[in-house]
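First the structure, then my questions, so here it is.
Letters A, B and C mark the chains in the order given here, with residues in each chain numbered from 1 onward.
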Amino acid sequence: MKALWGALIIVAIALLAALPWFGSDVLVQFGINALLLAVLAQGWNIIGGYAGYASFGNSVFYGLGSYGVAIAMVQWELPFGVGMVFGVLLAVAFALLLGLPVLRLRGHYFAIATLALSQVMAAIVSNVGIAGQNIGLVLPPLNNDRLFYELALGLLVIATLTIWWLTRSRFGFGLIAIRENEEGAAVMGVNTTLYKVLAFALSGVFSALAGGIHAYWITFLDPESAFDISLNVKMIIMAVFGGAGTVLGPIVGALSLSAISEVLASEVTSIAGLFFGLVIVAAVALMPRGLADMLRRFRSSGWRYFAENIRAHRL
Amino acid sequence: MDLLAQILVNGTLLGGLYAVMALGLALVWGVLNIVNLAHGAFIMLGAYASWYLYTDLHVDPFMGLPITALLMFALGYGLQRGLLNLVVRAPMFNTLLITFGLEVVLTYLAQLAFSADFRTINPPYAGSSLLFGPVVVPVVRLAAFGVAIVLTIGMWLFLLHTRLGRAIRATAQNLVAARLYGVEPRHLYATTFALGIALAGAAGGLYGTVSQINPYIGASLTAKSFAIAIIGGLDNPLGVIVGGLFLGIVESLTTLYIGPTFADVASFGILVLVLIVRPSGLLGKTA
Amino acid sequence: MNSSMATAGSALLEVRHMTRRFAGLVAVSDISFALAAGEILGLIGPNGAGKTTVISLISGTLAPSEGEVLFQGEPINRVPAYRRARLGIGRTFQIMRPFPGLSVLDNVAVGALFGHGGGHTKLKEAREQARASLDFVGLGRAADQRADELGGPSRKRLELAKALAMQPKVLLCDEVMAGLNHVEIEEVIDVIRKVRAQGISVLVIEHVIKAIKSLSDRLLVMHHGEKIAEGTPDAVLADPAVIQAYLGKKRA
């Protein structure tokens, strides 16, 4: 049974990897966006889904990764790879310095603190000379969508493998314990502070790498788009919609919501966003544990699944 | 020195408006534990309601505030009873997400209904100012400040001294307590939320007299309201006055002495500091 | 970690003049006692006496306002909760909080992964250890169920298993018998005796007086945050101060 799943996944990856060769240019571009969003969703999954700390600060890591690559390539004329490493270092430094005080906060206070941090970072970066201030930076162009596609896909595979490793490692168990009952985890021997910061940093690494790829791909960067908070909200919605705390959930969420959004945008441009909002509202009310949970329970409960969710959570 | 005085007055007037903006959010958060990410969108809707009342029906924006508030109260009640009620006992995170979705929906509906143009409410006295020594005080801003303070203190008194107000505060502690006051819990929840939205609407009406409005102002107003509510502290309804004034003055000073682009850095930087050092806010009780 | 064995007569766990205040309320006041190796010490007292606070102070969840906690002769006031767990202090919670998303087995495996000495590093070994602990408390058959599907009495045993999987030297039990019927109480008493037979010292908080009387080597009584009696169960339960503290309360 496990072998069957493994084979299916490898086939899926192979098909996805082959897409640029028989898909249209538009499809490939859609693919890059969707794959990068999936990486972001998976990255968020580590701190939000597994450790249970809903971070609104992953857009900061994304922005740092973008600017790391941009500054390295534009101001110091270093190659892309080095820029990516620089971006990751910035993200990890941020996670360590600011993660420590902020991770002491519980629940929605943590969420708000990270939200505030992202606003602060955006404002700071728009005043820093080396980052091009408000105007932003323009990167050297590289017209190779296929390459970016494969990079994004590769990053997604690595991110997902990391999550899979989490579910069978001591570190991952510690994170889950923290999520379910942090005080209980501490008295059982889990070094909660260390683990939370590590999870935050790890999730930041993936966000930064995604940001770096994106920056090089669209060759332009400014503080408002790099640290855009709506990106963070998107990755949360996608992870939760697909199933936070699962291995494949965020991928499913990201790909499906991207597809829905794309279809709506081309059919009914002006109300695409509206439908997106309605989908979110309906999903949170009817299937709060995400698609993964719904698919699993639908087989046994059928349509009652939705009614049960509502009855359990309403006053 | 004169400039400093002017800045301080500007900051104070702004602070009053900020206070009433955050009041509804703090009420709903402190009592119902609902973190309403759509709060700013309701401020925006209130602003539009006032705009239409003034432009089409010639109702003075300040006189029309009660109407705006009533409309928003009805909207809030319906939304809580019909939608938000569905996630009351779910993990807090679900409320965050559903209110976010609501924000998206409301913004888009506003964009469809009102178009993306910038508008202002310009009553005939909009341009006149009063002079207090060297300090210029626009009449509209002063009026907005006055109404804001009245509303905030009024809400504080309401919560402390009326039966419904006490029932609301009791609910914050314990749902069963609400029943002791003879109020049905779901009605109480919906009423509290509706009050918060009515306040947001009133704040929007005031906002429209001092600043431009468009469908997209919701998100940043939400962020600002959060900062005010937390800095002031959620335990005490008067905290929003402290938070609002503090933020208004800090922003004005920052804009003058450092630069306009740093106003946000200041506000949110302070928010982060408060969260780290004193999460219960400036007026809150330390655990 | 101090590796020297405690000399005969010296305590494994010691609490000296421990006080804890909460914003004007004194929850625990000047408490001192010692727990010897291989001993079962019972801690009783009316509701609100401060018993759970004492356990939280020992396990590291709370820090004392005054006084100190010593483990194996070394003061551990500055040691954070997770390190105390790794030194060998295990506790159960009165308000049971299993990890709901995990299976019963994995709940216990967390204890095995992080417990005494840092626990196991391999998931497989931890799960084996977890199975052993579950069998020990009699929950072996429930290993693969979801933790939040367990009923009340089983949850109490799960709490015990989780703490035991840490291979502690001291076990702090907070009301593991509350809400159980006679048969279940006897079973829990058996388990705790088996725990002591393994060389683990136990501090038991209980309201079921009859049970704790038969179980404990010594008994400690708290009232309004203070220690009001200490000694053998018979002596303590006959103490007029103790009887007065319980006046009007039913004796189980």
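The criterion applied here is as follows: a residue touches a chain if its C-beta (ideal position, glycine included) is under 8 Å from a C-beta of that chain, and two chains touch if they have at least 3 such contacts.
The model shown is predicted, which means the values in this text are computed figures rather than measured ones.
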Chain whose Cα centroid lies at the greatest distance from that of subunit A: C
Chain nearest the overall Cα centroid: A
Between subunit A and subunit C, centroid-to-centroid distance (C-alpha), Å: 42
For subunit B paired with subunit C, centre-to-centre distance based on mean C-alpha positions, whole Å: 49
Whole-Å gap separating subunit A and subunit B, where each centre is the average of the chain's CA atoms: 31
Residue ranges of subunit A touching subunit B (in the complex, touch as defined): 54, 101-102, 104-105, 107-109, 111-113, 115-117, 119-120, 122-124, 126-127, 134, 229, 233, 236-237, 240, 270-271, 273-274, 276-281, 284-285, 288, 310, 312-315
Complex contacts: residues of subunit A adjacent to subunit C: 168-170, 173-174, 176-177, 179-181, 183-192, 245
In the complex with subunit A, residue positions of subunit C that touch it: 59-61, 80-86, 90-91, 93, 97-102, 106, 109-111, 113-116, 118-123, 126, 162-163, 166
Subunit B - residues contacting subunit A, complex: 35, 83, 85-94, 96-98, 100-105, 107-109, 112, 185-186, 189, 219, 223, 226-227, 230, 259, 261-262, 264-265, 268-269, 271-272, 275-276, 279
